[in-house]
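Take a look at the structures below.
One chain, chain A, appears in both complexes that follow, with chain B as partner in the first and chain C in the second.
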Partner chain A sequence: MLLDRSHRPWAILTALLAGVSFLLYAVYASRAPDGPRGGSAPGLAFGIAASVCIGFAALLGARKRRPHYRLGRVATWLKGHLWLGALSLPLVLFHAGFRFGGTLTSVLMGAFLAVYVTGVMGLVLQQFLPRVMTQSLPQETVFEQLDHVREELLAEAEHMVKGEGGAVARPKSAGRVQGRVVESRAAAAEAGPDRNALSLFLERQLRPYFAKDGARRSRLADASARAALFEELRRTVDPALHPVTRDLEALAAQRDQIEMQRRLHLWLHGWLLVHVPLSYAMCFLGAVHALMALYYG
Partner chain B sequence: MPLDTEGRLEGEPLALDQLRGIPVFEGCSEALLKKNLGAVVRRRFRPGEIICREGEFGSTAFYILEGEAEVFLRTPVAHLEGKARVKGLFGGITSFLQSLVRREETRARKGTIPIDAPVDLSLDRPEATLSAGDLFGEMTCMSFYPRSATVRARGEVTVLEMLRNILDLLKRGSKGFKEQLDRAYKERALATHLKAMPLFEGLTDDFIDGLRERVSLVPYEPGKVICKQGDHADRLYLIRIGFVKVSQESPGGEVILKYLHRGDYFGEMGLLGAGKRTATCTALDHVELVEIGQEDFARMMAEFPAIRKGLEETARVHTAENAKRLEQLASVSVDDFLEQGLMQAQSLLLIDLDRCTRCDECVRACAATHDGVTRLIRDGLRFDRYLVPTSCRSCHDPLCMVGCPVGSIRRRDSLEIVIEDWCIGCGLCARNCPYGNINMHGIGGGAGEEGAAGKEGQAEKGGKPAQKAITCDLCAGWKEPTCVYACPHEAALRVDPKEFLIRR
Partner chain C sequence: MKSTKDLAQRIDPGYHRHRHPLRRLRLLFSVGLVAASAAWVGLSFGFAGEGIYVRAGMSRAHGPIADACSRCHVDAFSPTVDAACLSCHTVGPHVPAGKTPPDPECGACHAEHKGRTLLVEVADGHCNACHASHRTITTLEDHAQFPREPRDQHLRFNHRAHLAEDLLQGPLQCGDCHRPRPASPDFAPVRFDTHCARCHAERLHPELKDAVPHGLGLPRLREWATAALVRAFLENPRLAEPRSRPNAAPGRSPGAPPDWTAMLLAKTDAALDALLTPGRGCLLCHDRDAEGIVPPQVPSNWMPRASFDHKTHRAQACEGCHRAETVADAQTVDLPGVQSCQACHHDGGAPTACATCHPYHPRDAAAWR
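Moving on to the complex of A and B:
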């Protein structure tokens, strides 16, 4: 979520609550004869407040499972998730008296910090990655469709090499408009120039590059190497086929975009693979911690 | 339309003498009949045999000579549901409760489905009977729209199947044919048509009986202006066949206000107001109108104050809406919009790509709202940093509405375009949408030939897979569409594009 002006009230409220909590903690810590402890009344109060914040933050997952329920805008829930989650850190530290304690509490604190750090990381990534994707992926498509689009591009390349014409997707720009469009091309004449070089290029370079994991090994994955390879191809084919080589180069560039989209998408969402399971673990450990504290306390 | 190997109509060809022996051809020019002998055939159907199927394309009309046929919708009048609904105990309970609500809604369904026949089908039991002297398939024959319903022989049925040249010949040349059709309409369908419109349901049978003799049925050719903005208003129109375009002049040119189809009415605003037409109405295809004169309209207004009040209120709302639309159109530069037809949009879904994390919560929310079937695909062209996803734009000129054989795609009393549950899945609206924002979705199994009288919605073995059209209805009934409401990153926006661009 982009941090913009709409977050100002949340940020002010969080800062105020954190400031007040800090003052209370300072007073409590200075007057506690044995130092601040989680089991003391003020320590428990900080613990309960932290649990409420964490509990609300954890509810975001449940809210997103029922996106159509009119229980408040999901964006508001996410803002609450961010800022109450942020507030939970000082509250947890005040509750623990800046100590990790025994094994369980140490593990719990470790999980909490990991959740916190991954959450902050995700937030930071969300500040700039969407913009990077918008600017560098004009032909971006639905993530789940990437493999399908890759296969379509290969089929398109095969058609072009065989001279069967077809369609090519190009980024289109008209004023402020851009996106994917399909340009139809007339089928090439049967008795055209020799296409052997093109066929060879397709088999040796393009097909491996368009394979599922082909982008890692192919020279075409590198923009300058790709330009050089196509320049070399143009020198070997009949000039009448130069437009076809340019279209093939456009397809290869689009293949490159698919890979780039995949990478950026994984960055944008990969942190959740750590953040979410750790959150579950933290909630579980937190509940165990609370029960044990009640039982032994 | 069944054709033989030489492209002729399949059936029993009729010689000139045989044709002349059929009463409806009385008065037709012998020379013209002779020229068009191959354009009409006699066909006999055994009990249970299908005469025509809904959704199929054709170019012929049928005139029943003998016997009775039942007309029905084989596509179930049902709400489109996906399979992603029931998940876990909570989901199961929710689904069950929602199905109870839906069943209540279904029970409460009232109204009629307009079809290409002299009768309309009732929404709760979409079937009716056609008998000797009935003509059906007129719109398919004249304007090549898909068949609006399935017709099946009840007993032994003999029909004349004819191409457009014969239908034209009959309508223009036959002495008795047009009169017979008009009479049949007035006797059988006029009351249903009037009472199918909520505003006119309070009309008494006595009043309608009086109207029968005085209304006139008038045909209009495609492109013909029925009434012009500023002209003297002297009658109310009820559409019996075809589509009518309602438009107004604006400084930027013609603005389409709406499309009307069978069962709709127009012309009331001029009669209620200053006596001048407030818009131009044009026949889009072969249109036939029931015209109710000014005197009868005035009598109706005097005798039925509730109807008058309703009409005045509707006219007031329409006037305000039209004024707002014209004002918006006049205030914006069109340059950048034209490229993508954004100018056409009234409610445009935009995704701010600088904010969007591509989480697809909007798509999931859409699916969750619409029984597991999403109406939104997060892909499309871009405008600046905004993605214009594949989702209905509620166009100013909703071309998708033109041609629906059962009038199931329409605007109710608000902006959103809805596809009603009686959609027969012919796909015409999806083909008509210039932006590819209407999709066809299978409803499971296949459409059988059981009809409403049989097992509704159950597929007959080997039946054609049933499908229905889906489009974004802006989450009608909610203050905000769910895709926007559920976007965690405030990236999804529903905007009036013109106001939005002015603000930017």
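Moving on to the complex of A and C:
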């Protein structure tokens, strides 16, 4: 959960600052004969305050890249990113007088609003999705490892089908103990029931399903269809192999979790693909806007 | 049952060396978007000039110089200066010299880059910033009544009589006397020779053809009258003869010759007395004091603190505001009340801003160079 009780002081401070800013703006706007303008002294003050908030929020990425710098906790920087970023919206609107202005400022305002909206979206996703992932993905793994794990699962399935055990199911013989390290050793394959049906199932169903994009097309991606397929498999194989089919079914379920984790991860972090690049563009255009505003006095 | 070690073996210990695919995309998008923004700014500047930086369109009057930013933005990183405005416009000061606060900069009231607005339309707030006592006037309905105290203009003019239907020369219209003055919001002054002489020309003698010139003081009028009589007598000696000559009976020699000088002075005095008889001649309209005829004091601007342009109100009939047909004396000021203005100047109607009637810049100096 991103927002918790520790954010309360930040929230109160942000609300206070926003309230004070609103009061100042209301007084200023009511007394400005030509209406509020970004170039007036109060308008400029709002613009500078908004720039400071946005600048601080933008520094979060740099702070994360230098975690060893003694510049305060990253968690504190994240809170500042969230709440000063939230405060920047009223400040920007007060600076602009609730107008978009010319072409450059309109584009800048559009970029700012897009950054703001994607930021709020990201906050909502980061607030709720981790809980969903914890509940529905008991075997969650590192995102960068998903393809590696998928290949490992397929390898395990191949071992099971061949009756060679596997990293998970293979029985451990007594290993050589050196300190705390236990070195595992694969058991030798034993002669047993006919595994042709298993091999056929592996080639026709499991291998395509464990392929990189196989989850989209395979019937195994659907839980009920998967259960039906394995039930059918168990009717065709020797009862002695039923434990193997259950292990294979468990591996298929894990493959399903990998796909689900991939989707949730994309939701959890995909918004940054819009938020971060737009933030850079917004900072660039904001700098151009400030420079040209100063240039033309 | 899988052990922790079993599960851990699925993980590539060197996974952290691989860059997160989303981060790679993010970097790519960031660089691309910033580059695109820079290209857009650069290309826009190259093809359309400073247009993208302009907050809004220029005012109507400055439309022709919309692309010439440097005409007003003379120095980089400096605000526009009044000198840039005054290079085209000539305006006088609003605040008298030596008084504070001094005149604000042009741009403080005439805000440019607000679209196709009229720069001369200045919001009331600019006036109220200094004229704090007027802050209670939020609409024209709050405006005080115009001062209309009777004032002696030393000119007796009866508007009602001159607008009467049975006027000897026919009824007059307002425009017969009140003519617009070119390049001025005021009317041209009413002149005796132009507007009055047709009916009110005075002669020293019924048989003299020269009318008494208007505007001479008494001493010069006397000189003129003497010269006019001499000229008339020379042209027509009969006029100089006394009406009765006691020694001129037929068959008898005439008496002593007449004293022509005395007679001339007497005739001059008589003529001037006739001209200056109360209710007649000059005093039909003018006042007289010990020094002679009192010059009329008719103000050219009846609203010294405001400006009213009759030309912009030409669509309105005179009778819509003025009640001249009811005014029989010159002391009564036939100035319309503020209600007359409020009939048209209200929200949704004609403008109501302070500057509509109270020009900031002195009128005579506000000329387009």
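Throughout what follows, the second predicted complex is superposed on the first by the 272 of 297 C-alpha atoms of A that agree within 3 Å, B and C clash if a C-alpha of one lies under 4 Å from a C-alpha of the other, contacts with A are read in each partner's own complex, and residues count from 1 in each chain.
Keep this in mind: a contact is a pair of C-beta atoms (placed from the backbone, for glycine too) under 8 Å apart; a residue touches a chain by one contact, two chains touch by 3 or more.
In this text the structure is predicted, and so the values were computed from the model without any measurement.
In the superposed model, A:41 makes contact with neither chain B nor chain C. The larger set of touched chain A residues comes from C, when the choice is between chain B and chain C. Of the two partner chains, chain B is the only one touched by A:68; chain C is not. When the shared chain is aligned, chain C comes close enough to touch A:31, but chain B does not. Once the two complexes are laid over each other on the shared chain, residue contacts for A:138 go to chain B alone; chain C is not touched.
Judged by the touch definition given at the top, the superposed model places A:276 against chain C, while chain B stays out of reach.
Of the two partner chains, chain C is the only one touched by A:285; chain B is not. Note: residues 141-143, 145, 269 of chain A belong to the chain B contact set and to the chain C contact set alike, using the contact criterion stated above.
For chain A in complex with chain C, the residues that touch the partner chain are 31-34, 37-38, 101-105, 107, 139, 141-145, 148-149, 152-153, 167-168, 182, 184, 266, 269-270, 272-273, 276-278, 280-281, 284-285, 288-289, 292-297. Those residues of chain A that touch chain B in the shared complex are 1-2, 6, 64, 66-68, 70, 73-75, 77-78, 126, 129-131, 133-134, 138, 141-143, 145, 172, 174-181, 265, 268-269. Residue ranges on chain C touching chain A, taken from their complex, read 2, 5-7, 9-12, 15-16, 18, 20-22, 25-26, 29-30, 32-34, 36-38, 40-41, 44, 50-56, 69, 73, 75-80, 109, 111, 114, 122-126, 129. For chain B in complex with chain A, the residues that touch the partner chain are 335-336, 339-340, 353-361, 364-365, 368-369, 377-385, 478, 482, 485-490.
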